[in-house]
Amino acid sequence: MIIIAQPDATEEQIEKIVAKVEEFGLEAQITRGESRVIVGVSGPEKLLHENPLASLAGVEAVLPAAAPYNLAAFARRGAASTVDICGVSIGGNAAVALICGPCSVESREQMLSTARLVKDCGARILRGGAFKPRTSPYSFQGLREDGLRFLAEARNETGLPVITEIMDARDLPVLERYADCLQIGARNMHNFSLLKEVGRSHLPVLLKRGFSATINELILSAEYILSGGNMNVLLCERGIRTFETSTRFTLDLSAVPILKAKTHLPVIVDPAHGVGVREFVPQMSLAAVAAGADAVMLELHEFPSLAMCDGEQALSAATLAKLVPRLRAVANAIGRDL
Amino acid sequence: MIIIAQPDATEEQIEKIVAKVEEFGLEAQITRGESRVIVGVSGPEKLLHENPLASLAGVEAVLPAAAPYNLAAFARRGAASTVDICGVSIGGNAAVALICGPCSVESREQMLSTARLVKDCGARILRGGAFKPRTSPYSFQGLREDGLRFLAEARNETGLPVITEIMDARDLPVLERYADCLQIGARNMHNFSLLKEVGRSHLPVLLKRGFSATINELILSAEYILSGGNMNVLLCERGIRTFETSTRFTLDLSAVPILKAKTHLPVIVDPAHGVGVREFVPQMSLAAVAAGADAVMLELHEFPSLAMCDGEQALSAATLAKLVPRLRAVANAIGRDL
Amino acid sequence: MIIIAQPDATEEQIEKIVAKVEEFGLEAQITRGESRVIVGVSGPEKLLHENPLASLAGVEAVLPAAAPYNLAAFARRGAASTVDICGVSIGGNAAVALICGPCSVESREQMLSTARLVKDCGARILRGGAFKPRTSPYSFQGLREDGLRFLAEARNETGLPVITEIMDARDLPVLERYADCLQIGARNMHNFSLLKEVGRSHLPVLLKRGFSATINELILSAEYILSGGNMNVLLCERGIRTFETSTRFTLDLSAVPILKAKTHLPVIVDPAHGVGVREFVPQMSLAAVAAGADAVMLELHEFPSLAMCDGEQALSAATLAKLVPRLRAVANAIGRDL
Amino acid sequence: MIIIAQPDATEEQIEKIVAKVEEFGLEAQITRGESRVIVGVSGPEKLLHENPLASLAGVEAVLPAAAPYNLAAFARRGAASTVDICGVSIGGNAAVALICGPCSVESREQMLSTARLVKDCGARILRGGAFKPRTSPYSFQGLREDGLRFLAEARNETGLPVITEIMDARDLPVLERYADCLQIGARNMHNFSLLKEVGRSHLPVLLKRGFSATINELILSAEYILSGGNMNVLLCERGIRTFETSTRFTLDLSAVPILKAKTHLPVIVDPAHGVGVREFVPQMSLAAVAAGADAVMLELHEFPSLAMCDGEQALSAATLAKLVPRLRAVANAIGRDL
């Protein structure tokens, strides 16, 4: 660890910093520059809590020796890792995957007919929400276990693995019976109890970025899951909250190359929640693939204007059918399949 | 409900909007303005999902008949409500309350000696975290039930009611044994499972604003708790995430008068998390009282630079002793006690 | 114009609203819905200032009859327009253009050798700053007229038209002598005096989005230029300020399809300022083309680590040479040339 | 200057960093820590451009020896400075000043009658805009020189010094004839040409924080004015752009104590633009005084609902008359006059 003193730190302040370091049984090494003093710290750093030192008078910055995450770090593996969801590989050199389905499971009929459309358009994973996080307690909250059953039936018919959201640690057993991949929604990215719980699951976890989470916080939330023993984590950019009001959120596509440089985990983009308007979802899907996304997650609804949730951002089957070949062309243009 | 067509909506689009309304068994009433058409909708609005209409071609906006929250609305009561925490009243015309204690319970000794300082400085409620939400899985996560026991012991000795954070719905029974008021942290404001669970508790709930939640979303999260039957909810502003980097978050004090105009619930300010630097906490506490806060929540640590969590924003007992009379003077200046 | 009353507006408030409308010599038309009153306003709307009505008691919203911009609106032309910069067409069905050059003109030699590299890599427009907006008064402020001379010399040698920034209305005459296209930087997007001045120029204007400007504000700033009579305006997305700190700004690529839907003006993306790190510029350039950008603006420096300004985001000639064919492949994948 | 290498920087990268430093004729001093290398740089730092080094492979951070501003720094004087506007002192130990007037000068009669109200309520400086920065080219742009004449007449009658906005460097001579203090609006905080121009004026300058400018950027813009020789600069917080939509901007009151700690310049708060709704302006004014503001700037309009600009945030004379004694009480509570 390195402690950097403020340019105007007094000699007495430096002494107190050194005393504090030594109080922890560590060794301090002072370097005097033209205009600053730097204190290098040797010894087992775990003994040092970063904050107390940062708050000492005269300290400008405390730089840890290493990144705050370890298991997620690219350097840990030195190569991108691939996550397998019932035979569909995502990440690394695998083909770009399309994950598709309705925002929420609304009925058995809707789920089955939508699943057929999803299969027909070339998507390889089926999505659908049975437990829905809704801002208002008075909005539709999902079909719960019934929804899971319809999802599983759709999987059996189409052969597509299913991904669905978990909102409560207590629901893990029932979700593990039906789902092939768990999704942690943006609003639960900082729900540390839930992260620890899915860290003990045998299912892969698609972790969405909180809409006001930094890229580092997303990686640290992934680290919670990885440190529980579950190494199959996929990261998902879905838009961050900014001042712009033309879009529901601002899709931060620069997160794609940055996450791929900082971690070895696959990176997925969900363009519809960020943009919030169906009309602009195709362009942002194409951009996501061009930016290097390992998978794109889209909402499909037979009758978008009748959807019980987020209908304004769902694509129709006709739009999707036209979009898929263009996604494939862009994937090919950057040297990937889809 | 009122549907406002775009200025350039075609006659055919208007017809489709009306058809959709009637499809739901509702009555549509068309008004043609100079440059726009408006469709008024009569009948039980619950039948209508807002989104599908907003996404129809030619629709500019859909205005619901009423605010999306009901139980929290100021109009529901017509007066500010008061929440009682073991005899300490917060809100309405009650004196401004000081809530004080360490960020986290670190040991029995620390908790007891800090509680005595809290009592001495005139604070009326004791805070302390036993379950800590930490961004990194490798940071100190709290003493858990041991911490609760030390908190309860501090309450017994000082007579101050205690407030502590709940992070997992499964911890509610143990928390109800020890705590006098539950806190939902900023990172869990959108944890709807947890909100529903504390909605069934007999304990008051201090609900912190998510650091990227709008004021309306905070009220809707309160509505989750209220609609579960628990009417003792306190709202807490603690800083929102912005581009500014001089402070950890940006304390949004305008939320105080706005929340008090929109809801009847008491409003608390936690200035330290927003500002993130001990040096500026006193000024922001004074500003919070001037803006109309019903309580101020502060972090106190015997030895701030040794705190295991957020030490850089904790006040020392000496600073607090000087601050309290000034807080009281500002409260008096706007016609309140403290 | 339509005035929407609050659900709980009193009869007296409605009367005052109507009285106010009639005071302006306009006609008010009342519609009573299930839960609200709407007042339609007929007559020349210019007489009405929007704000006074919005602030009357009982008013929830005032919807203008039309978008606040007119000349920039897509509906005004019904098709994308093309801007010609000395024979290079940008926008509409024209090939995607590459605009390239150093952030700032540093010397005659640097400018000439860089211009040759720009030409060789297939870019069609040369950029370079002679007047530099710098956050600190102590940073390099540009070579001013000398810089313009070197730019012009580079144009003469390579045949590439040049684009350069204007920061002060008083510099317009000298810029018009040397430049082929004027650039308004992000920090001047709201410098209305400057916008009016370039609205009188015969040169095309590349208008960058302010880093905290909404999409609507960008269009309104373009409207300032258009309403001065200069119809050759190009809009440029370059990143907005958000809470994320991994990148210098957050490149908002969703602005591309939205601007192309709302306006007929060509849309350019400058990915380097948004990302701020050279390593991720190629991916974001590819994404910009996939999202539909009409041109991409890149920084090229012979020796990026020696650049006097923004060197950390400049590409080397070698990187650019590898990037251009990939940009072309993505352009082709969505049916465009480059 | 200190260059901090990444934990995994190679020996070859360190050598290149050192070579680069020496290339500039500076001396490099290497310190090897447990897990990192640090390079201290001695010699005249002006020779080094920060960016090139920050972009070298293996560099994690470059820390300059001192803050990027000098004349504005608190340390430069060691005490708060006071700015005199025609006999009214602002800053230091001076009484908190009230600056009041209409958003824009609308007519001679309006200006004179408003000025009398301003004087009666105890404000000590008169404000009014003659040149108005408006987002839309079709909005009211101000009375220009006529407005200045009416302002000057109001000053002559009431004896209150006047403050008014400058938008264009070319208007400085005419503004110097009529105004006692120049205002740079939020949208021009980064208009460096204008900053340099007012740096040569003999009038004090009230510099508003850009709505997406960091605190450091505000200080750097002040440094532009100070470095031109004009030492009478007042800083003004007026709200920053965030995701919250209940308010027009988010008033960042924590900027008050931070600016007073970082600089010696007086700090003013304009609460109305931030909040955007008249109803909440009083509470935020009280909070501004409690946070330590040296002056509060308010909008007053005889008939707020008829104002030609920003009427929804102007106070009536009756509201102001009730507010002033409360502002004074809060000022007294923290040991100041008003």
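So that you can tell them apart, the chains are marked A, B, C and D in the order they are listed, and the count of residues begins at 1 in each.
Note that a contact is a pair of C-beta atoms (placed from the backbone, for glycine too) under 8 Å apart; a residue touches a chain by one contact, two chains touch by 3 or more.
Just so it is clear, the model here is predicted, and its values are computed rather than measured.
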Q: Name the chain pair with more contacting C-beta pairs, choosing from B-C and A-C.
A: A-C
Q | Chain separated most widely from subunit D, comparing mean CA positions | A | A
Q) Over half of the interface residue numbers used by both subunit C and subunit D, so same, or under half, so different? A) same
Q: Return the distance between the CA-based centres of subunit B and subunit C, expressed in whole Å.
A: 39
Q.
Distance between subunit C and subunit D based on Cα centroids, please, to the nearest Å.
A. 26
Q | Chain centre separation in whole Å, for subunit C relative to subunit A (CA means) | A | 31
(Q) Residues of subunit A that contact two or more other chains, please. (A) 212, 241-243, 245
Q: Flag every residue of subunit D that touches subunit B in the complex, lowest number first.
A: 212, 214-216, 240, 242-247, 250-258, 261, 274-275, 279-280, 283-284, 286-292, 326, 329-330, 332-334
Q: Write out the stretch or stretches of subunit C touching subunit B in their complex.
A: 1-2, 4, 7-8, 29, 31, 33-36, 38, 40-43, 60-61, 63, 65-67, 75, 212, 241-243, 245
Q: Please give the residue numbers of subunit A that touch subunit B in the complex, ascending.
A: 20, 49, 51-56, 68-69, 133-138, 140, 167-170, 187-188, 190-194, 196, 210-212, 217, 220-221, 223-224, 227, 241, 278, 304-312
